[in-house]
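One structure, as C-alpha cells, below. Some questions next.
Order as written gives the chain letters A, B, C, D and E; numbering starts at 1 within each chain.
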Amino acid sequence: SEPGRPELVVFAAASTTDLVLALEEGFEAAELRTSFGPSSGLARQIRDGAPADVFLSAHGRWIDLLRESDQVHAERVIAGNGLVCIATPSRFDPLPTTPAELAARCRPADRIAVADRGVPAGEYARASLAATGDLSALEPFFVGQQDVRAVLRSVASGQAVAGFVYRTDARLADVDLLFALPDETHAPVEVRAVSLVETELAAEFLAYLGSEPARRILAEAGFSLPEGP
Amino acid sequence: MIRIQTRYRRRAFSLEVDSASEGPVLGIFGRSGSGKTTLLHILAGLIRPDEVLLEVQGELLARRPGGRWSAPEQRRLALVPQDPLLFPHLSIRANLTFAPGAAEELESPRGQRLIEILRLGALLERSPSALSGGERQRVALGRAWLARPRMLLCDEPAASLDPELSREVLALFLEAKRELGLPMVFVTHRAAELLALADDCLVLEQGKVIAQGTPLEVLAKPKAVGVAQLVGVDNLLRLEVESHDEAGGVTLMGLGEGLRLATPLCAHPVGTSRQVGLYAEDLILCRERPAATSARNALPARITSTDPIGHEIVVTLQLGREQVRARITPSAASELGLSGGQEVVVLIKTTACHHLSG
Amino acid sequence: MSAEELGVIRLSLQVALAVVALSFLPGLLLGRLLARWGSRWRALVQGVVMLPLVLPPVVTGYLLLHLVGRSSPIGRAWYALTGEHIAYTQGACVLAAAVVGFPLLVESVRIAMLGVDPRLEQVSRSLGRGPLDTFVRITLPLALPGVLAGCVLSFARALGEFGATIVLAGNIEGETRQIPLAVHTLLNVPGSEAAVVRLTAISVFFSLVALLGAFWFLRRGERRLASG
Amino acid sequence: MSAEELGVIRLSLQVALAVVALSFLPGLLLGRLLARWGSRWRALVQGVVMLPLVLPPVVTGYLLLHLVGRSSPIGRAWYALTGEHIAYTQGACVLAAAVVGFPLLVESVRIAMLGVDPRLEQVSRSLGRGPLDTFVRITLPLALPGVLAGCVLSFARALGEFGATIVLAGNIEGETRQIPLAVHTLLNVPGSEAAVVRLTAISVFFSLVALLGAFWFLRRGERRLASG
Amino acid sequence: MIRIQTRYRRRAFSLEVDSASEGPVLGIFGRSGSGKTTLLHILAGLIRPDEVLLEVQGELLARRPGGRWSAPEQRRLALVPQDPLLFPHLSIRANLTFAPGAAEELESPRGQRLIEILRLGALLERSPSALSGGERQRVALGRAWLARPRMLLCDEPAASLDPELSREVLALFLEAKRELGLPMVFVTHRAAELLALADDCLVLEQGKVIAQGTPLEVLAKPKAVGVAQLVGVDNLLRLEVESHDEAGGVTLMGLGEGLRLATPLCAHPVGTSRQVGLYAEDLILCRERPAATSARNALPARITSTDPIGHEIVVTLQLGREQVRARITPSAASELGLSGGQEVVVLIKTTACHHLSG
C-alpha cells in the first residue's frame, strides 16, 4: 500500500465481494482494506471488536444486531436486488417458467441448489416459495450451499440442475434464466452499508457509495438503485 | 570396597543381596534367571528398589530408606548390557565417544590400545546395524570403558565372543585391574574368568546369595548345590597313548593300573600324553560286566562318592589312577543300589571319547 | 502475480513457519509425555489435545475467540500488558493455525516416541548423560522421522487452515488474509479461477518443499551413517 | 434434543464410521509401503497423499467435484453403472471426509511402522509364516498404537469435516447434513447458540469415546500379556 | 545331505562358501565377524545373494543364477537368531506356538519334554520383556524347535546359558539328532559342542572357508591358523598333590621328573590329583634362571616347538612329563633366540596357578 495514504477497513458480505472490489477502484480518498466473510460471522466479529470502519451486509438482520450493541453510526441502503431461478444451460428445453413446472420436470436424482438456511439468499428464496405454496414440491430436490456463489457454481457446472441466486449473480455465468421470484413474497433484498466509527473517511465512503460513479457501477452489475443521492 | 545391600521384589521373583567385598573386582555367577542382570541394574540405578544400600570405594551412592539416591548419570557406573544396546542412529565412533569426555579418551594412547584389542579400528565409521553380534558386544564394552567410569558393570561381556577374543578381553580387564585399579562388577558363566579376574564372588540362586567369598573358596566347594551345577562336572583326562589299532580304528590310552581306554584312532605318537574329554552323561554304570555290548570300553571302577545335585546324581569313580564323574538319574541310582566303595563296571563308547588339542 | 498475491503468500508462509516454531517444543514434550505416561489421566489429556481435530474449525475459532477475544479476561489482560489485541491480528492467525495443527504434531511425536526402546535411554543415563542430554541425543534423533512428519503435517495444516482463522483472525486484507482466505474470497469473484489455481498450487508447492526438506534432513543423517 | 438433531448425529456417526472402515485397508497398506519403501518416488507419493491436508478443504471439495461430479467421466460412468450420482449424496459425505482424513491415517501408520524391527518379520518368515501372515501377526500388532491413533484421528477429522463436504455433498437435510454442517447453519441463525453447543459437545463426546475405545483395546492386549 | 554353495558381497565383506556335508549336523566355527550369521541368513533365505545353491536332504531350495528360489517360509529352516528376537507383543506361550502346527507340537509329550528341559514351564504366560537374557534365548530355541522344521539353524544357541543349561541343551540336540535325525546347522564358539554334536564342521575366516571336515579332523590340526586361535591353547594340567606348606601358603604339586609346581595353598589331600589351570600368557620364559625372582616357580623346561600364530608366538614346552604352552610376542621370541630343543627356564607365579574343581 502507498505510504501515507489513509486506510479504511471495510467488512463486506461474501456475496458482495466482486461488487466491493469494483467499487474500490473508484474511491480515491483512502486505501481500502477489505475483509470478506459471511454476514453472520462478520457481524459477530464487529460486535466482538474487530477493527472495522464500514460494514456492507446483504441482510438487514445482522445490522439490527449491531444496532442493538450501539455500534452503528450511519446507515445507507446502496442497492436493491431480486431473486431468480437459474438452470444448467440446455438442461431444460423448453425452459420451465414456474416453480411447479420445475418441480415436475426434475428427475428424482436431480438437485436444486439453494443457499443454506441463515444465509440471506437462502432465507429469501425459501420465504418466497413458501408464500407461493411451491416450497413443498421443490424442497425434496434442495441441496444447501454455503453461499450464493456456490449455488451459481454448482448450477453452472451441472452438479445441480437449477438453483436460486440473486438477479445480479445470474449474469455472471453461462446459465439459463428460468423465472424470477416475486419481490413482494420476501423481505426486500437490499445491500446496506453502515459506518461503525465516527470518522470523516467512513462518512466519505458512505457518501461515495451513493455517488454517481458508484451508481454507475451498481447499475452495470444489474442492481436496482435507491432514489437519487 | 563394594558394599551392596538390597531387597527387591518383582512379581514372582524377589532379590535379596547383602554383600561386602574388599577387592576391586566382584564376580557374579549364577544360573539363568537367578537375578544377575537385575542386580546390575540396581547398582546402575536403573531400577529403584525400596531397600538398597550401595557404597563403592567409600562413596555412598544410594541408601533407601534413608533418602540418599543418585541418578544413574551421577553414579558413573558404566553398564555393558547383556544385549549390546548400541545407539542405532550413531556411528560406531559416535557410540564409543558417547559418554562425556569419551572423545578425548578415545584419542589417548590407552583408548587407541583398547580399540586395537577390541579390533574395532576398521569399524569406526559403520552403523551398528552393519555389525556382527560379537562386534556389537565389543563396541558396547568399549563404549562403557571409554566413559572412564568409577566402576564398570559388565553383563556377560564375553558371551558371544570367540575364545581368542574373550581371552584378550579378559587380559584387558586384568590389565585394567592391575594398572588402573578399576573396580568392576561382572557377570560371567565361565569359571576361568572368575578365577583369573575376580577378587570376590557372589553366587546367586533364585535371587538369593548361596555362596560368597574368593573365587577359589567358592569354586572349591562345588558340593554347595548350584555351584557344582554351574562349574560343571565333566571329565577332562590327560592320558598316555599306549598303542594304535589301525584295523580296529582305535587308539588305546592308559588309565593306570593296567586299564586302557579305547578311543577313536588318532595320530599322536605312542608315549606322548593327550587330553581326552568325556561327558559325564556318556558314562554308563553297571553292577556287572554285561554279556555283550557295543561299547568297546567296559572297565572296572570303584565308587568314591555319590552326590545328589539338583535333579540328578553325580557319581565319582576311581578308574585306574584317574577320577571320573558320571551323571545318572536318581531312579537309575536306586535301581543299581549304588553306595560308596562299591565296585561297578563303567561302559564308555569309543566315540564318546573326544581327543582334545593342547 | 500481483503484489497483493505475493503479500498473501508471504503472510501464509510466515504464519505457517511461526506455527511450527511455536508448537514444536510444547508438541515434543507433550508427545513424549503421552507416550510414556502410564496414568489413566493420559486419555483425558490426549482427548483435550485432540479436540481441535474433532471440532468443526469454525467452532474451534469461536471457542478461541471466547478464550482470548477482546472481551475475555485473557484478552483484556493481554491488552493491558502489551497494548495489543489478540483477535483479528496476525497473532490470531498463528494461534488459530497452531491450535488446529497441534493434535497432528502431538500424535506424530507420540507414535514415534512409542517406537524408541527405553533401554537405550537407560544405557545413556548409565554412561553419564543426564535426562535432558539423553532426550536430545537419543530419544529425539530416534523419533526424528515422526517428529519431522509431525512438523510437516502441522506446517501443511497451517497453510490450509481456513475455518478457525476466519473466525479468530478475520479475513483482513494485508493483515490476516492468507492463502485459504484469499482463495475463499476469490471463489466469490467470477473469472478469478486462474488466481485460485495459482494460489493453491503455491501452497501445495511449499508443503512439498517442507516434505522434501524433511526427507533430505533424514537422509543426510542416514547417509552420514551409511558412508562408513 | 429434536428428532432432526438426532438424525444429524446418527448420520455423522455413520459417515465417520464408514470413513474409517473404508480408509483402513488402503491407509494401512500405503502407510506400510511408505515406511519401508526406499525409492525416491516415495516423497512424491507421500506428497500426493498429504495434498488434502494442505489444500483449503473447500478446494479439495471442488477438486473432488471435478473428479467425480455429475459432468465428470467418472461421475457419468458411475451413474451409467448404478443409476446414482456421487455428488450430493451420503456417499459424497464419506468420500469427502475420507479424502481429507486419509493423510492423518497414512502418516500415523507410517510412523508406527517405522518403529517395527524388520528382523522380527524375518524371523516370522523363517518360522513358516508367509508375508501376509507375518504382516497380520507381527507388523500390524506391533504398529497397533499408531494404527489405532490413525483411525481415531481420521474418525475425529470426519466428525469435524465441513469444507470439502459442503462442496461435494451439499447440505441436504436428512441426507448429507452432519454435525458441522448443522452447526454452520445454526451459526447463521442468531440465538441458536444452545443447539450449537449441544451438537459440538456430542461430537466431542464421540471422539472421546473413540479415543477411550482405542486405549481400552490397547490396554486389553497389554494386560493379557502382563497378567502372566 | 547339506550342500551349500554361495558367493555374496556386502561392502567391505565378502562371503564365499562351497561345502557339502554328509552328516545331518553341520557346525560352523569362526571368529567374530567371520560371516557365520551371514551364512545362516543366506541359508534361511533372509538374504538373497546373486550366487547361491542350497540343497538339504536332496531337496533343492535355491539355485541362483538358475532361477530357483524359495521364500523363507517355504524352506522351513527355522532360525534361532543370535539376538533372541522374541515377538514382544506375544506371551511366551504365543511365541512358542507361533509357527504353523507348533501349538499341537507343544501339547505333545515331546513338546512338553522340551519345555521341561528348557525350564520354560513357569514362564509361559509372561511377556518377553519380563524375561532374563538366558530365558529369552531358551524361548527362541523352543520356538524354532516347535516349528518342526526341515532343518534347524542355530546361531550360538547356548551363548548366554550357564554351563549346566548349555549341557542340557546340548543333550537335547544330541537326542534330536539321534532320535529324529533332525538336520541342523549351528554356530558355536565351543569346541566341546562341535565335538559332541557336529558330523561335519566348517571354519570361516573373513568370509572364506579355512578348514572343513569332521570336527576331530579340523580340531586336531590346530596349527592351521585361525583354528588354533579359536580352540585356545591354554594349559589345563592334572597334577598330584605332593605336599602342603602351610607356613609358605603353598601346595606343591608334582610335574613328574622331580619337578614341582608351587600353587596356592589348598585343602586337597596329599596323593590325590587335581586340575590346575594356567593361562599361556602367565608363563614367562628365560634363557637362564634369574638371580632372584618373586615367582616361586622357576622350572627347567625344553622347547618342543614354536609356532607363530596370528600376531604372537606359541611356544610348546616339555615341563616334567607335562606339555605346556606359553604365548609370547615375536619380539620377545627373537630376543630370546628361541628354537626347538632349546633348554629354558619357565617362571610361573604361584597366584597364576588356578586350582579347578573336577
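As a convention for this text, contacts are C-beta pairs under 8 Å (C-beta built on N, C-alpha and C of every residue); 3 or more make two chains touch, one makes a residue touch a chain.
Not measured: the values here are computed from a predicted model.
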Minimal step count in the chain contact network, chain D to chain E: 1
Copies chain C and chain D touch via same or different residues, half shared test: same
Taking each chain's C-alpha mean as its centre, the one farthest from chain B: A
Distance between chain centroids, defined by C-alpha means - chain C, chain D (Å): 20
Computed distance of Cα centres, chain D from chain B, in Å: 57
CA centroid of chain A to CA centroid of chain E, Å: 89
Residue list for chain D, restricted to those that touch at least two other chains: 184, 187
Where chain B touches two or more other chains, by residue: 83, 130
Multi-partner residues of chain A (at least 2 other chains): 41, 150
Pairs of chains, among all present, that meet the touch criterion: A-C, A-D, B-C, B-E, C-D, D-E
In the complex with chain D, residue positions of chain C that touch it: 42-43, 46-47, 50-51, 53-59, 62, 103-104, 107-108, 110-112, 114-116, 145-146, 149, 152-153, 156-157, 159-160, 162-163, 179-180, 183-184, 187, 196, 200, 203-204, 207-208, 211-212, 215
Chain A contact footprint on chain C (complex, rising order): 65, 69-71, 85, 87-88, 166-167, 170-177, 184-185, 187-191
In the complex, chain E residues that touch chain B: 11-12, 30-33, 36-38, 82-83, 119, 122, 130-135, 138, 155-156, 159-165, 167, 171, 189, 191-192, 195-196, 216, 219-220, 222, 228-238, 264, 266-267, 272-273, 275, 277, 279, 281, 310, 321-323, 325, 354-358
Residues of chain A touching chain D in the complex: 38, 40-41, 61-62, 65, 109, 111, 113, 116-119, 142-146, 150, 154, 157-160
Interface residues, chain D side, partner chain E - complex: 117, 119-120, 122-131, 133, 137-138, 141-142, 144, 221, 224-228
